[in-house]
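Structures incoming, each one as structure tokens.
Consider the two complexes below, in which chain A is the common component and chain B and chain C are the respective partners.
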Partner chain A sequence: MKRLNIGIVNYEIGNYASLQNTIHQIGYRCQISHDKKLLNKCDILLLPGVGAFRPAMEAIKKKGLDSFLVEQARHQRPILGICLGMQLLSDGSYENGYSKGLGLIPGEIIPLKNPRWHIGWNNIKILRNDSLFESSNGKSFYFNHSHTYQGPTQYQVCKAMANKAIVASIRRQKVLGIQFHPEKSQLEGKILLKHLLSKIDNA
Partner chain B sequence: MRYCKTCLQPDTRPGEVFTKEGVCLACKNFLLKDSINYEDRFLLLLEILKRFPRSKNTIFDCILGVSGGKDSTRQALWLRDKLHLNPLLVCMSWPPEQVNNRGVHNISNLINLGFNMIISSPAPKTFKNLMRAAFLRYGNWAKSTELALYSSVPQVAISHKIPLIFNGEDPGQKESQALGDFGWDNNNLRNLNTLCGAKLDWLLKTEKNPSKLIPYIYPDFKEFKKKRIQIVDLGWFLEDWSFNTNGAYAVSYGMEPRSESPEDTGDPSYVSSVDEDWVSVNQLIKYYKYGFGKATDYFNEEIRFGRITRENAISMVTRYDGRCNKGLISSFCDYIEIPLSNFWSKVKKVTNKKLFHIGKNNNMQPLFEIGTDL
Partner chain C sequence: MLKKRLIGVVTIKNSWAVQSVGYRSYLPLGHPEYVVENLDRWGVDEIIVICIDRSHRNLGPDLSILKRLSSLRLSTPLTFGGGIHTAKQAVSVIQLGAERICIDAVLHDDPEKIFEMERLIGSQALVACLPFSIKSKVFFWYNYRTQKSIPFPKKIYDLFNKGLISEALIIDWRNEGSDNGFDINLIKKFPFKNISLIAFGGLNRINKLTAVLKCSSVVGAGVGNFLSYTEHAVQTLKTGLHQCQVRPSVYLGTV
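Moving on to the complex of A and B:
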């Protein structure tokens, strides 16, 4: 088996330890860092995130990680954004006024309406053939968000059904985002995460 | 009863699921072994250790549950000499009537190798009563003792504020237990077949005073979370984790192996559960329940490692499974204070009648041949 080294991009907003714990549990080495040299040596970069879009983006910029992540994506480095991390991959967000995102996946983040949040367990359904998600089709994951992705259907991979469809995952080549929390989704979360990490480079 | 196509695992083993090709879980996992990068796993272990730095006011880095047997001796030395950790060893000791001289020697040997140890001894009367209840209820006396044994370790971890626990599953069970898919994390150990999710209701029927059951209480998930308890299966990180390697390693460091013939004990490995002798009684009953005993576990591993052919193993397993000296059965009955006739009537009750014909004088005739589907 190829040695996979996972890097969690640390911009000091979010609970990185629980994600690292989950990555360890599924058997991968994983470092939490904002050191670009160190992250550059990782095979896959994880971009977690909790809270609001604007402060997260500002924190990323402050550490100079925005241009770094764009550069990494250009060089085909697999990147996985989780929850707010997924939203940061987009062009921008209308959360508390408009702020620009990393622009790695076309589309924008808009507030949820009726209800204004999506919290709890929900099934995901795949919208198109994607070997990364097929085995998790119909499985339940834990969501906790109040804003959602809106963008071209070609980048939407999975949805979750609330009052209406909510985009659960997006993808552009090796840049991948999931709106739910695999690290809080028990066994199914681990299975999916293991699958994503082991296959993302070749799928 | 079906047998695995590559080894002698029967599908009667609790939790066993064969593949479509008729191969058991353990063999399926063993084949994947070649693709595992153990060097990488070692680096992963170092990363995990970093998450559990030694707490203030303690000189210990981690807890290790031990018996002085092959697995614990190997692990204790490995933690100290390879990982440079200072483990606090925790041993649940059998009551004086149960432990044998070898067990006493082995635990002393481990202390003499330079380790600190906490020995917990559950109150012997309660221990005996619960053991009797476990036997009469389940035909498995270890059902209560395993609870005390497994619980002692996280209990000490919590009381001593040392959240990192190492253990090493019996290599015979390692590949096939239903512990989830993710290798080293043993925080769900409570779901092991013998522990039954650490439920206590049946114990309370025998011992009405809950305070006497404290040694049998496995701390619950909430407690684990609150105290950041993490149990790590060390065996997952070691490529050569097996009966033979662990046994050889431990014996070379002074562990005394079993000296009785496998004709009397049913244990051809000579190194499994050596600190007390009634394990053979339990293995005998397991054989009547499921059609396999210790010899199956041991030779299955030997088959996988390519050290014996399946054919040759058939004759060995036929020879040793279900062997147990009669003296052990009587001493067991004396200890739990039941007449021999009660023992056999219980055993007959739990015997799988599709696998055994019960003849006169408690003579159980197997209706199957080892290695041939029934």
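Moving on to the complex of A and C:
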């Protein structure tokens, strides 16, 4: 049985420690790096994120990771973006003015309104059949964001309900984004993350 | 819908977890790691750790404690405060494993710095720590370094209004550490609307927690040492608060 090698893409704005700890806890090896040669050897790439869109994209570009990630997606390398990492997968964001994203999943990131934040635990609901999320349908996860994905419904996999529906997960083939933090969602988060990492390559 | 949060609050002084009473006396509880690890295991919805002596001594955030906490592999959201005065420090705290930061002294000293913090880590990661008392309907904002209170200035409210800070931790500092002491008027008479509030200070019983959590502006309630002193306190409180849109207890489901 092949042992997965997981790479956490380090662009210096993110909660790398939390994510690495959780991945170790659920039994996988992972390394945090911005070295493209090293990341190129990984089976799955994780794009974490706590922070703002513009400095994150600037940091990614500065390290030349934008073209690398696009190339990896083109070669069907599974990529999982978490929270800000999910937003970076989109075409762009209106956070602090418009900034271009990686353009891996069509759609844009817009500010939340009334209320301006979606912070805390919320249940997710699957919008279409997707084996990656079926076992987590209706479960509660930790969200912490002020901007949200807006894009074609064909890429939306899960939602959470606040005053209105908030996109909780997006997917285009092997590129997957989740708006919430599985690494900080206790048992349910670990179950989902383990499921995603073990199935994403074949789902 | 979003659940209201039952939050474990850990106060740290001189690298020790302490029981703080009214911002004036402190009883040692033990190593912060043990207290925080327990809260994580018991399934609180969030953990707030505040190192209360860092700004006072101009030491910056205690990154060594944060590293130790991070190494515990916490799976509960962590908000970390104490000594954070610059955007660079804020980024360091996030990188070391906190989801959010708590700011207090910098609001007194140089609120303009919040703009740069928000630009780098986002408003969702910024929580303002506001020790309050109320007298004749006027809210007084306590500065623990000078030990003086001033009327809450509009310039701080403006930071909320501009969307730079996502939540306010309203601390009833006079009743902090006392049994069932929280003054609910700090929530009900809070003059500024549309600010999400976390209540803390003297909250330990279901009746008072229920009253606080039923206020529409309240998104969470912080409980301090009470959680450490009572067996299954998190589960007991969550069970008693089931009508307050609190996430059900998860601890029993895992054993």
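Methods note: the second predicted complex is superposed on the first by the 203 of 203 C-alpha atoms of A that agree within 3 Å, B and C clash if a C-alpha of one lies under 4 Å from a C-alpha of the other, contacts with A are read in each partner's own complex, and residues count from 1 in each chain.
Simple rule for what comes next: a residue touches a chain if its C-beta (ideal position, glycine included) is under 8 Å from a C-beta of that chain, and two chains touch if they have at least 3 such contacts.
Values in this document were obtained by computation on a predicted structure and should not be read as measured data.
S.K.: Consider chain A as the common anchor and indicate whether chain B and chain C clash or fit when overlaid.
M.R.: Once both complexes are aligned on chain A, chain B and chain C clash.
S.K.: According to the stated criteria, A:26 is in contact with first (chain B), second (chain C), both, or neither; which is it?
M.R.: It touches chain B, and chain C stays clear.
S.K.: Does chain C touch more residues of chain A than chain B does, or is it the other way round?
M.R.: C
S.K.: One more residue to check, A:155. First (chain B), second (chain C), both or neither?
M.R.: Once the two structures are laid over each other on A, A:155 reaches no partner at all.
S.K.: Counting only touches as set out at the top, which of chain B and chain C does A:122 meet: first, second, both, neither?
M.R.: second
S.K.: After the superposition on A, what does A:13 contact: first (chain B), second (chain C), both or neither?
M.R.: In the superposition, A:13 contacts chain C only.
S.K.: Tell me the contact category for A:133 with respect to chain B and chain C: first, second, both or neither.
M.R.: neither
S.K.: With the two complexes superposed on chain A, say which partner A:186 touches: chain B (first), chain C (second), both, or neither.
M.R.: Second partner only, chain C.
S.K.: Touch check for A:141: first (chain B), second (chain C), both, or neither?
M.R.: A:141 sits against neither chain B nor chain C.
S.K.: Need the overlap of the two footprints on chain A, from chain B and from chain C, as residue ranges.
M.R.: Touching chain B in the first complex and chain C in the second, residues 17, 21, 24-25, 187, 190 of chain A appear in both lists.
S.K.: Per the contact definition, I'd like the list of chain A residues that touch chain C in the complex.
M.R.: My answer: residues 12-18, 21-22, 24-25, 50-52, 54-55, 84, 95-96, 115-122, 140, 142-146, 161-162, 181, 183-190.
S.K.: Which stretch or stretches of chain B touch chain A in the complex?
M.R.: It comes out as residues 35-37, 39-41, 43-44, 47-48, 51, 180-185.
S.K.: Can you tell me which positions in chain C touch chain A when the two form their complex?
M.R.: It is residues 1-5, 43, 45-46, 70-71, 73-78, 91, 94-100, 118-125, 163, 166-167, 194, 196, 219-220, 247, 250, 253-254 of chain C that touch chain A.
S.K.: Please name which positions on chain A make contact with chain B in the complex.
M.R.: Touching chain B: residues 1-3, 17, 20-21, 24-31, 187, 190-191, 194 of chain A.
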